[in-house]
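The following pair of complexes shares a single chain, subunit A, combined with subunit B in the former and subunit C in the latter.
After this line comes the complex of A and B, so read on.
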């Protein structure tokens, strides 16, 4: 198959068996896909949902919501409303630092399409959409690839979604598919009851659906035994992202490969995520604590349980010692403020002010009152949390708070006119917000 | 009851209704995302909008009752509801009937808002903008109570009400035109956390050369 290269991506898989890995080394056409993974066994909707429940599969788009509960809710809502539901495969990552959904769609599109068919069977849908991020040629690529498949029982429409941070939010995606702007909507009734076309709608991340395709083949017990791997986007200093497939609980050292120990902190989960301090190998095993939070060491297993913070969409960004965490966070907060839909007060009024204050923390002047700035930021983070129609303010506040804790020493240094990374632009990407 | 008492009651309740509904209009107009009457929390504006409109409906009921009961001119109960069916001043009484019907639609849909859903309620609620001018016209044309147009201080009061409501509409339109975006707020967010004390010449800060919120 000769398709224009969609993504310049580094990909690494730590999966043990080729037949269970999400990321094959090369993009698979339908014949290669069937040769590697085998055909989908016939499934019964309700038994599939029961299997998903046993497997423990949760959403891989960031919120980690149990997949079977969403499916059951959609199935029940459709039964109550007496109409067929819609399945939406969510591949609109939106986050500039993350690349795992794009890599998955590029390398194993048929696994995702298998998952769409399975999810449709599980909830009894008669229509499906696959939303991909615009600007990478993925829409055309997946459409071409889809033509290789025999005509499906449930037609799948491929849709390119604007590459904005909030585009992938559930209600934003539904609004876009309904012909509206891709911004989060206040939901009088949830998407699983009233989504695309006003009908019950199942929105699942593409990686979740790829997992579903593997669970249908290898059984829920296989997935439950942690043989199932998951996708991470790892970012090192300045480099392109590396998408890594690894089992949950794989150590940071193993997951990131060489260079993991050379950082001062790691951003876990994404731009709505958490900065955690990174301790050296010598501190490993001694329960390293820094600034009152558990430091990550090279042998720390990467899972939400061991880290104590949500893994979000699986971003792990390593901050080297010659970088400034405050500069990075200020840049991200500015991006998040500009990406706000500006619909709810906490977001519209809170995020730009927090971004401006954080920028002052990162680049103070002689007259900056650093203690006051830090106090204001903590207070505002509390004020904006849990008050928006979506979780954009909550995630941004989480990032700001974790940076204030993890980079407390850096902030003290800034107060005295020192910075770890003088005159260096931020390393983490913030795509320009286009109107 | 004495016919003069009924006449005065009708005149008085008409004027009070005009003032109350004008206040209701202004409060309703002010309940927008980026609007606020200075010194009044938005919640209070919503609550006042609701209570004053119900009060106004009570005055309106008395106003209509006196018009029907007053035996000096013949306005039947039907003429109060069906526009332009009155034998006395069919056009001007009819305007009042139109305004009454519109108000009833707005009030009833508001009371049933939970059942109707937001969209239907909102669509009907826009009728308020049609209702108020019609009611004002009814007041100006019949307001003297003598068969002549309104004059004297009631006229000036009416003009004042028109000015205030028109001002509120203009304010709303202007504010909606310059709705703030996050980028606007980011651009104007001041570096306000400046410590007290004398300003010292800026020391060359290590990072000062790059990206100082240039928007």
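After this line comes the complex of A and C, so read on.
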């Protein structure tokens, strides 16, 4: 088996110990998995949740919600309702620029399946689903490797979901598993109470579950002491992404290999993320501020606390000096507008207008009123925030606002007919990676 | 001495099911102190509870929303 057969991916692990790394160099079958990580110790559900709380594990799918709180909510909702809950392992990455969940499922599928079994034990579930993004052969692959395992106490159904940006949103995933379209739903009652089959449902990202499998083996204190690593998808100007496993706080230079001259900005988190300016360490020092936001330097430790912005799904995209951040953002906003489920008025009306305005900012004509465009974008970003069934408009507004700040000088240049990257197509992908 | 009503009825706020709202605007007519409309006709809800003297109109706004998209949440 070889990684490039399924996904055009490079993978790099900075984990210090082979037995605690999420990304082994080669895909592990069940025998190799047991040989490397050892067998799962027997667990008690409630003690496991207490351990997860102590470990500090939070969701790795983007929202960074504390894992133990979700588990407790599901366990208690199930007790109140008098029915067994369902566990959904969420590997439907959706984000075209991100590949870390696909890499994890390909290289360490049994770590994820261990995590599913543990999560089921924690909440008392008797059914589980593992959702993977369609189009990469992952559904068949994980089903095949799953057959290597002894029959599980809790059966796991592998499901391929459409490779759309919002497919992995919690209520969209639940809707899809219930036989509906994979679009976000208005939730009169939250998924932890009323999810798959109308019952209490724990939706947890596959990386979170892989962490759970390591915490069960090495203990909550081990994870808490930052021995645990996180998965990032690193993107440079062109070509395939690199999935990097690194400890939180690892410097940008160590994590990406990017030196002081690597580029002008970094997109942190994903397409719902934040553009931050990239400055050289000597010129600025860490914690430098440019245009009123924190600039990243090669020696900045990559964590949500240091950067002051969410790490989201772990994307780090470096924008080189000869590319235009406005062109990139216009392209992403157009994609995000097209990926809107079109169900909520502010998103339905706001996103296409923002995409069109950003496109004009990126490619102005003689008649473009750049100040008016920027004012419109700021106003629309405010109007779409916190006014939808899901956070798609909120994330799109975050991206647009951060681009207006980080690429303010570029926008000024555009007003005078200059662009950093005239006639260059956008580098960041806006369609799912094809196998 | 706390207000009697606050013991029995927690303060409620208007909330919108955004997937149902069709921008009819009836809610803004009935509850102008809490609900205004954006440039596309969708409600902008003030971040504060329904005041005591607007409770009846708030319930009316909920029952008269043609799209059944408005609710009161504690």
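What we mean here is this: the second predicted complex is superposed on the first by the 420 of 435 C-alpha atoms of A that agree within 3 Å, B and C clash if a C-alpha of one lies under 4 Å from a C-alpha of the other, contacts with A are read in each partner's own complex, and residues count from 1 in each chain.
One rule holds in what follows: contacts are C-beta pairs under 8 Å (C-beta built on N, C-alpha and C of every residue); 3 or more make two chains touch, one makes a residue touch a chain.
Bear in mind that the values here come from a model prediction, so they are computed numbers and not experimental data.
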Could you classify subunit B and subunit C on subunit A, in the superposed arrangement, as clash or fit?
clash
For A:388, is the partner it touches subunit B (first), subunit C (second), both, or none of the two (neither)?
second
So, A:185: does it touch subunit B (first), subunit C (second), both, or neither?
second
Give one of first, second, both or neither to describe whether A:143 is in contact with subunit B, with subunit C, with both, or with none.
neither
By the touch definition at the top of the document, which applies to A:378: first (subunit B), second (subunit C), both, or neither?
neither
Quick one: is A:251 in contact with subunit B, with subunit C, with both, or with neither? Answer first, second, both or neither.
neither
For A:20, select first, second, both or neither according to whether it touches subunit B, subunit C, the two together, or no partner.
neither
State whether A:349 touches subunit B only (first), subunit C only (second), both chains, or neither.
both
By residue count, is subunit A touched more by subunit B or by subunit C?
B
After superposition on the shared chain, which partner residues are touched by A:280: those of subunit B (first), subunit C (second), both, or neither?
neither
I'd like to know which partner A:303 touches here: subunit B for first, subunit C for second, both or neither.
neither
Clash with subunit C, by subunit B stretch, listed 4-12, 40-48 or 58-66
40-48
Enumerate the residues of subunit A that count as touching subunit B in its complex and touching subunit C in the other.
188, 347, 349
Parts of subunit A lying in touch with subunit C, wherever the complex brings them together:
185-186, 188, 343-347, 349-350, 383, 387-389
For the subunit A and subunit B complex, residues of the former touching the latter
188, 327, 331, 334, 337-338, 340, 342, 347-349, 351-353, 355-357, 359-360, 362-369, 372-373, 376, 417-419, 422-423, 425, 433
Would you mind writing out the residues of subunit B in touch with subunit A in their complex?
118, 180-183, 185-186, 189-191, 193-195, 199-203, 205-213
For the complex, give me every residue of subunit C touching subunit A.
16-23, 38-42, 44
